[in-house]
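These are the structures, in C-alpha cells.
Two complexes are shown next, each including chain A; its partner changes from chain B in the first to chain C in the second.
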Partner chain A sequence: MSLATKAMRTEVNHQKTDFEPNISTSSPGKPFVWTTFTGLLRVVLLLIVLLSYQSSFAEARFPKPEFESGHVPPETQTVAPRAAKWEYVDVAVLFVLLCVMSWFVLGKRSRKGIVWTAVASVLYFGVYRLGCVCSVGSIQNISMSLSQADYIIPLSVIAFFVLPLLFTLFFGRTFCAGVCFMGAIQELVHIKTVKLPLWLTKPLSFLPYIYLGLAVLLAATGADFIICRYDPFIGFFRMSADFGMVIFGVIIVVLSMFIGRPYCRFLCPYGVLLGWMSTLSFRHTTISPSSCVQCKLCEDSCPVNAIAKPLPVKTEKPNQGRRRLIFMLLLLPVLVISAAWLGRSISGTLSGIHPTVSLAQEIKWENDQGRKTNSEESQAFHSSGIPAEQLFQDAGEIQRQFRLGSSLTGAFLGLVLALALLKTAVLKKQKNYEPDKANCVSCGRCYRYCPVGKANSVSL
Partner chain B sequence: MKNSPAIKKLAGYLALLSLTFILIVGLLMILNHLQIKTHNPIESKAIEQLIIQLEKEDNQQLREEIRALDLLARKAYFSSLWQLKTGAWLLIGFGLLFVVSLKVYNGQTEVPEVQPGKVLHFWALKSKERHWIALGAGIVLVVALVVSFSTRAYYTDFNSYAAGEKKALSAAEGEASTALLPDNFPDIEEILAEHPSFRGAFGLGHSRHSELPVEWDAGSGKNILWKTAVPLPGLNSPIVWGERVFLAGADENSRKVFCYNSENGELLWEREVNNIPGSPAEAPEVTDDTGYSASGMTTDGQGVYAIFANGDLVCFTVEGEQVWGLNLGQPDNHYGHSSSLQLYRDKLIVQLDDNQARRLLAILARSGKSLWEIKREGDISWSSPIIVPKGESAEIIVNNSPYVAAYKVDNGEELWKVNCLSGEIGPSPAYGNGMVFAVNEYAKLVAIKEGEILWENYNFLSDVSSPVAYGDYLFCTTSYGDLACLSQQDGSLLWHHEFDNGFYGSPVVAEDKLYCTDRAGGTIVVEVGPEFKLLSHSPLGERSDATPAFAQGKIFIRGYEHLFCISKQ
Partner chain C sequence: MSDQHSNKLKSGNTGNKKIGRREFFKTGLRAAALISLGSATGYLLSKSTLDDPVWQIDPEKCVQCGRCATHCVLPVSAVKCMHVYKMCGYCDLCGGYFRPQVKKLDTGAENQLCPTKALKRTFVEPPYYRYDIDEELCNGCGKCVEGCGSFGNGSLQLQINHNICTNCNKCAIARVCPAGAIIRIPASKGYLLKK
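Coming up: the complex of A and B.
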C-alpha cells in the first residue's frame, strides 16, 4: 500500500509541473480543471487505503518443499505469480497512462499523443504483461470476491477495476482511447471506416450487456471467467491459444481494420460500466475546441458512430409523445419481470457450465447407464472418495445459486432493454454536434475535422 | 498529410505482397494444426504396437527400434511446434506490414464535402431505433427460448434428483431391513448386561459381568481359554453379545468384519466390506498408530455395525448377512478416523470429525437412513461419544477441542456446551453421579455438571486412554504409565501409581475391580477403593492398544496379532 501510494504521489507530483502550464496555455476550450484532477487523485488514494484492509496480495502461500535427497524441484512452467512490487508497478503504469491519455484527450487534443499512448499501452500491457491483469477481466474478480467469502482479491485487481471507472467519471472514456490494450489494438489497425447500418448496430449494441450479465453470473457462481477465456487478443501476445480463439482473434483484428472498434462496441462488458460513468462525466472531450459552427464536416468522421447530431423535430399529433412515454413506462416492469422469468428458465442450462454441475451430470449418466465414461473428471471424482450424493447436493446448491443469479441477470437485461426503449420516447434537444458521451471512446479522430480547431491553431 | 504517388504505389504493392504472405502462412499453419490434431506423432500407434510386442518378448533390437522411432516422433512434434511458432511470428510481422502499408496507401482521408441529403427528423430516427432495438430483443428472446427448451431434456435438477434418490434409497433399504432384521430393540437392562460397544455398554467403562479371572499368563497358558490369530490388523477393541465376539480389521486394500465364538474362538464368519456405494477407490492416508480400523464396532444383538477410516459404514446381521452399507465421505483426518460407534435403541450414533467439519449423526440402525445430523463447532477430535440414558431418552456426550457438549439423542438438540479443552483430543468423556469428566493432555481434567464446571485438575492428563468413573472415584491412566484415582466430588488425588508401560487402552471396571491393559499387553488389576491395592499384573505376550471386553466369566483382549479369551480354568 505504502509503495503504491508513494509511486502514485511521485507520478502525480511529476505530472503536476507538466500539467499546469500546458493546460492554461494550450487548451483552446475551457481551462483544464486542475482541482478536478487533484480531487480525483484524493478519491483514488482514499479508495486504495480503504480497500487494502480487505484485500491481500497474490503471493505463493507455501514455500517449496526441501528434499533430503538434494532433489531440486523444477521451475514451474506456468506464469509465476506477480511479485507484489510489480503489481504496484502495473497499477502505477496504468495510472500514468490514464493521466497522460486524459491530458492528450482533454488538454492537448492531440491525436498523435493518443496514438503513441496507445502504442505504449500495447507494448506494456500486451507485449510485456501478456494481457494480464486487465481492467476488462477484473469485473469477474470483483464479482467473485463479492459473492464468495473465501476468494481474496488482490489489491492491484481492485485498482485496475476502479481507476478507469474513476477517470471516466471525471474525463470520459480516456481509458478506451488507448490505455486499454484491446481498444488500442483495434485503434491502431483501423484503416478505413465502413459505416454499419442502424439495423445492425442497434441490435448488436445489446450484446455487451448480455456478455456483462453472463460474465458476472458465471464468475459470481465460480463457474468460469469467460471474459478471459474468450479474450480475442491474448493469444497473439502469448503466442498460444485454441485454434478457435486464434480464428476469433483474427476475425476481430480484420474487422477492426474497417469497422471502428468492433470488440469495444459490440462485446466489451467493461465498456458498459465505462459508458454509464462517461454519461455522468464531469468533463468530456468535444469535437470543437470552442463553439460548434454546425458546418457538418464532422458528421461522418466518427468510426464508432458516437456523434450526436442536431436533428429537426417534427411536430407530432397532440398527446402522441405523452402516450408513447406512458406506454414505455408501463412496459418497463413487464419487460423486467418477463426477462427475469426467461433468465430463470434457462438457469438450468447455464448451470451446466459450472464444472461441479457438469460433473454431476456425468456421474448421474454413469449411474443411470451402469457404466463409466472414463473421462479424466470422472476418474478424479471416483478416486476422491466423495460420495455421489454429496456431489449431487453440491450441484443442487449451485443450481439454486444459478436460479437466483439468472433471474437477476434476466431482470437486469430486461431493465436495459426497457430503458433503451424509453430513451427513444424522450425528446432530447440537440443543438450542436457533440460526442455521445456514453459511446464516444475519446479516440480524437474527429478533432481534425473541425474547422474551428484549425482556425484556432492558425491564430495561435 | 498526402503521400506521393510513388510511395502510395510502393505501399500498395507491399500491402498486396504482405497479404499474399499472410494468406500462405495462415493456410500452412492451419494445415500444420490439422495434421498435428489428426496425426499426433507423440501418440504414434506404431510405437504403441512395438511396446506391446516388447512386453511379450524382451528384444534389444526392438528396444533400439522403439527408441529410434520415439526420437523421430518427438523431432516431428517439436518441428511442428517450431513451425507454428515461426508461422505466428511471420503472421504478426506481415500483419503489421500489411496494416502500415495499407495505412500509407490509404493516406489521410480528406475532410469530406458536405453533401446535402435527406435529413431524418428526430422522432423518425427514434422510431427506427425502437424497431431495431425490438428486433434485437426479439432475436435474444428467441435464442433464449430455443436454448431453454432444446436443452431441457439434458438438464437435471439436482435439488429434486438428490431428494428423489434419497427417498428411493431409503425405501429400498427399508425393504431390505424388514427382511433381515426384526424391528424390536433390546431394552436398557439387556444392553447393560452385555459388552456391546467400545468400553462396554454406552461407552461408560463398566461391566456387570462376574466370575472374572484376575490373573493369567499367556506364556504359560494360565487361564487362557483360547487364542486366535486375527487376519487383518485393527486397533478397535472387541465387543461381545451373547456367545459372539466381534472385531473389525483393515489394511490399505481390504476391510473386514469378524465374528468369533466366545466359547472356543472359532471364526464363525468373516465378511469383506466392499461394493459400498460411493466408497473411495483409494484408501486414505493414515498413521501407523491409528490405522484403517481404529473405530470400535457396536451391536444390539441383532445387527452389528462397523465404520472404517475411509468412511464406509456397514451393518451386518449377527449371522453375517449384510443389511446395508453406505459411505459417509472419506474423512480428511491426518491420523485416521478413530471415533467408535454407539447405539441407542434404533439410533446408530456416529461422531465423524475431520478437518473440514465436525459432524454428529444419528442413523437409523435398521435402514441406514440418516435421521439427523448436526455440525459442531471446534476442531477435529479422535474421541468417541458416550450415551447417558435418562428416563425414556438419553444424552450423547461428545468432546472435541475446545468443547465438551451434550446432545439430545432424539433430535441432536444441543443441551449444553462447555469451552474447557484444548489440543488434539483423544480421550473420550466419562460419566458418573450426574457428572461428565473430560480430559486431554496439556489441557486439564474437568468435571462438569449440567454445563457447569465443578472442578479442574492439571495432573495425570491422558492423551489417548479415556477415564472411567465408578462409585465415588475417577480413574485415569496415561501414556506415561500413570494410574491415578481421584475423588469425583472435588478432584482431589486419592492415590497414584506409576507403571513401567504406558496406557492406550482405556480402563474398565468389572466386579469392583479396575482392569487396565498397558501397551506391552500386560493387564493391571487393582481394587476399586480409596487406597491403591494391586491385585495382579498379567502378561499377554504381545503388544496391545485395545480395551478389554467382558462376558460372563470371560475377558477378551485384542493383541496386535491375536484375540485372547481369558477365563478361570
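Coming up: the complex of A and C.
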C-alpha cells in the first residue's frame, strides 16, 4: 500500500459516517430510498451473477493440450483436514484433566499433583495443539453463535465453554489451577510473590469485565475476535507473533514470575464467568484440611491475594449500614443508565472496527470526494461489482447492532461497578482463614503452610 | 433469635435443618446458574454441527493482494498455491511462471515470477511444459496466481492447506482480506478449487 493511499485511508477512518437509513435520508446530498431500491438491486445482482457465470466459461483461454507422449495430467495434491474425531480427543483430554485436577485439589490436596497436571495441560493444549481451541476464546464463538443465525458452532467449542464452567460450579476454579494452559504457564513460572497494594489491584481487577464486555460485543457483531488476537501466550507455541504481541507476551511471563497470575487476575475475560460460578460452588478447596486454628501462617502464602482473613466484628450502628445500603441501591440505576448512555455514545467509533463498516466509510468518502483511495479494499470492492447502496445498507445494519450492543455492554459494566459498590455496604462475616472463592484459583500453594494434620498431608 | 444465632455459629452447617437467609439466596443462585448453563448448552447444541468448519479461500473473490503471505499467524503461511492440472494449458509462455516482458523463456532466476522459486517447470513434449509447486517453498504470495489468472487459464489457485492451517478461531488473514474471500466451510466440502 502506497503512502498516499495509507494517508487517505487514515483520513477516511477519522471521519465518522453513519449508515443508518433514517439518518442518511435526512442528509440532502444523497437520499437513499431503500424500499424502492431493493427490487432494482435484485435485478442488478442477478445480472452480476449471470455475467460472472459467463466469464467463468470464457476463462479457458488456452485449450487443453492433447499429449502425443501419453502424458497424463496429475491430480491436484490436497491434504484432507484434521479428522473430526480428533476434536473429541481434545474434549476428552479436557474432561480427564478437569477430573484429575479436581481430584488433586479436593481429594488428595496435592500441590505436586496440581503442578504435574498443569505441565500435562501445557504440553497437550499448548505444545501439541498450539493453543487453539481454548475455553477463554470460546466465549467469542458462543456469543457469535447466539447473535448470528447463520453461524455454525462446532460441538467441541461448546464443550470447551461449558465443561470448565460446570466443573467450577461444583468444585471451584480447578480449571484455572492448571487445566487452562494459560493459567498453567503463569503457575509454573511463578517463583516469588511480590504483594501488590490494594489500590492497584482493585481497579485492575475491573479490567476483565471491560475485556469481556468488549470481546462479546465485537464477536457478536462479527467485527473481530479480540481475545484470540491479543492472546499473549499463543505466540510462544507457534513460534511466531507480531512484534507488539511478542513484547506483550514477554512482559506477562516476566510479570507472572513475581506477581501471581497477572493475566488471570487482570485480563482474563473467562475468569469473570468462572469467578461467578466459583462463588456459588458446591464444594471448594480449603486452606486447612480440617478446621482453621487461626495461626496466621498461611496469611501471606497466596500469590493471587485470595485468602480472606478473619474480620473483627463491626460495632457500627445498624442504621448507618442501612443508610449506606439504601444510598448504594439508589446509585445502582444511575450508574447503569449513565454507563449504558456512555456505551451508546461510543458505538459509532466502535463500529468502525467492523471491516464492512470501515469499507463503507471508505466508499462513502470516495463518493463524496469524487476520487478513489486506490487501497486494496476499495479496488476489491469496485471489482466485485456489488452496488455501493447494498454495502451502505449492510453497514447501517451493523451500526444498528453496535448501537444496541454497546448500550448493553455499558449497562453491564455499570451494573458490575454498582454491585461492587453495593458489596462494600453489605456486612461481611469472616471468622477463619478461608479462600476467597471468587478469586482463588485452587493452585494449592497454601496447603503446605497449614500446620493442621501435618503428618497426613502431602507437601511439595 | 438467639437460637438462630447459635445455629449459624456451628461450623460447616452440616445437619442443620434451618436454612439461613444467605444460604437460601445462594441455593437459588446455584439453581439459576445450573439452569442457565443447561439451557444455553441446549440451545447451542441445536445450532451446532458434527461437520466442523474449516477456513478456505473463495477463488471467485480472491484478488491476490499478497496479504495471505504476510498475515497468517504461522511463520510461513498456511496459504499455498495449488495447481489444478486439469485446467492448465501447459503453455510455454506461462503467465504464472515468467515475469512480464520476459526476454528468454528459460528457467533462469531473472525470468521467474515466483520470489521463492517454488514453481518448477519441466518439459513434457513440444510445445508443452508442466508446472509443479514445491509446497515447502511456497509462501502463498499469489504472484503466480495473479499472472496465471490474468494471462492464462487460471489453473494456479491460492488455497489454504488444511494440514498446515491451525484452524484459528478467527483467521488472521480473513480479518485483513480486502475482498472478504476467506470463509468458513464445512470440513466435508474439502477444498474450494475452481475445476
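As a working rule, the second predicted complex is superposed on the first by the 367 of 460 C-alpha atoms of A that agree within 3 Å, B and C clash if a C-alpha of one lies under 4 Å from a C-alpha of the other, contacts with A are read in each partner's own complex, and residues count from 1 in each chain.
The rule is simple: contacts are C-beta pairs under 8 Å (C-beta built on N, C-alpha and C of every residue); 3 or more make two chains touch, one makes a residue touch a chain.
As the structure is a computational prediction, the values presented were derived from the model and not from experiment.
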{"item": "First (chain B), second (chain C), both or neither touched by A:S145", "value": "second"}
{"item": "Partner chain in contact with A:M239 - chain B first, chain C second, else both or neither", "value": "both"}
{"item": "Which of chain B and chain C A:H382 touches, first, second, both or neither", "value": "first"}
{"item": "Which of chain B and chain C A:L311 touches, first, second, both or neither", "value": "first"}
{"item": "Footprint overlap on chain A, comparing chain B with chain C", "value": "239, 383-384"}
{"item": "Chain B contact footprint on chain A (complex, rising order)", "value": "188-189, 191-192, 198-199, 201-206, 210, 236, 239, 243, 250, 253, 257, 295-297, 299-300, 311-314, 316, 321, 342, 345-346, 348-349, 352, 357, 360-361, 364, 382-390, 392-393, 395-396, 399-400, 413, 417, 420-421, 424-425, 427-428, 448-449"}
{"item": "Residue ranges of chain C in contact with chain A within the complex", "value": "11, 26, 29-30, 33-34, 37, 40-41, 43-45, 47-54, 60-61, 63, 65, 67, 73-75, 82-91, 124-125, 128, 130, 135, 151-154, 161-163, 166-170, 172, 175, 178-180, 184, 186-187, 190-191, 193-194"}
{"item": "Touch list for chain B against partner chain A, complex", "value": "26, 33, 85, 88-89, 92, 95, 99, 102-103, 106, 109, 111-112, 114, 119-130, 132-137, 139-141, 144-145, 147-148, 151-152, 154-159, 161-162, 165-166, 277-282, 284, 310-311, 326-330"}
{"item": "Of all residues in chain A, those that touch chain C in their complex", "value": "52, 56, 59-65, 67-69, 71, 73-82, 84, 87, 130, 132-133, 137, 140-142, 145-146, 151-156, 158, 162, 165-166, 169, 224-225, 228-229, 234, 238-241, 276-277, 280, 282, 291, 355, 375-377, 379-381, 383-384"}
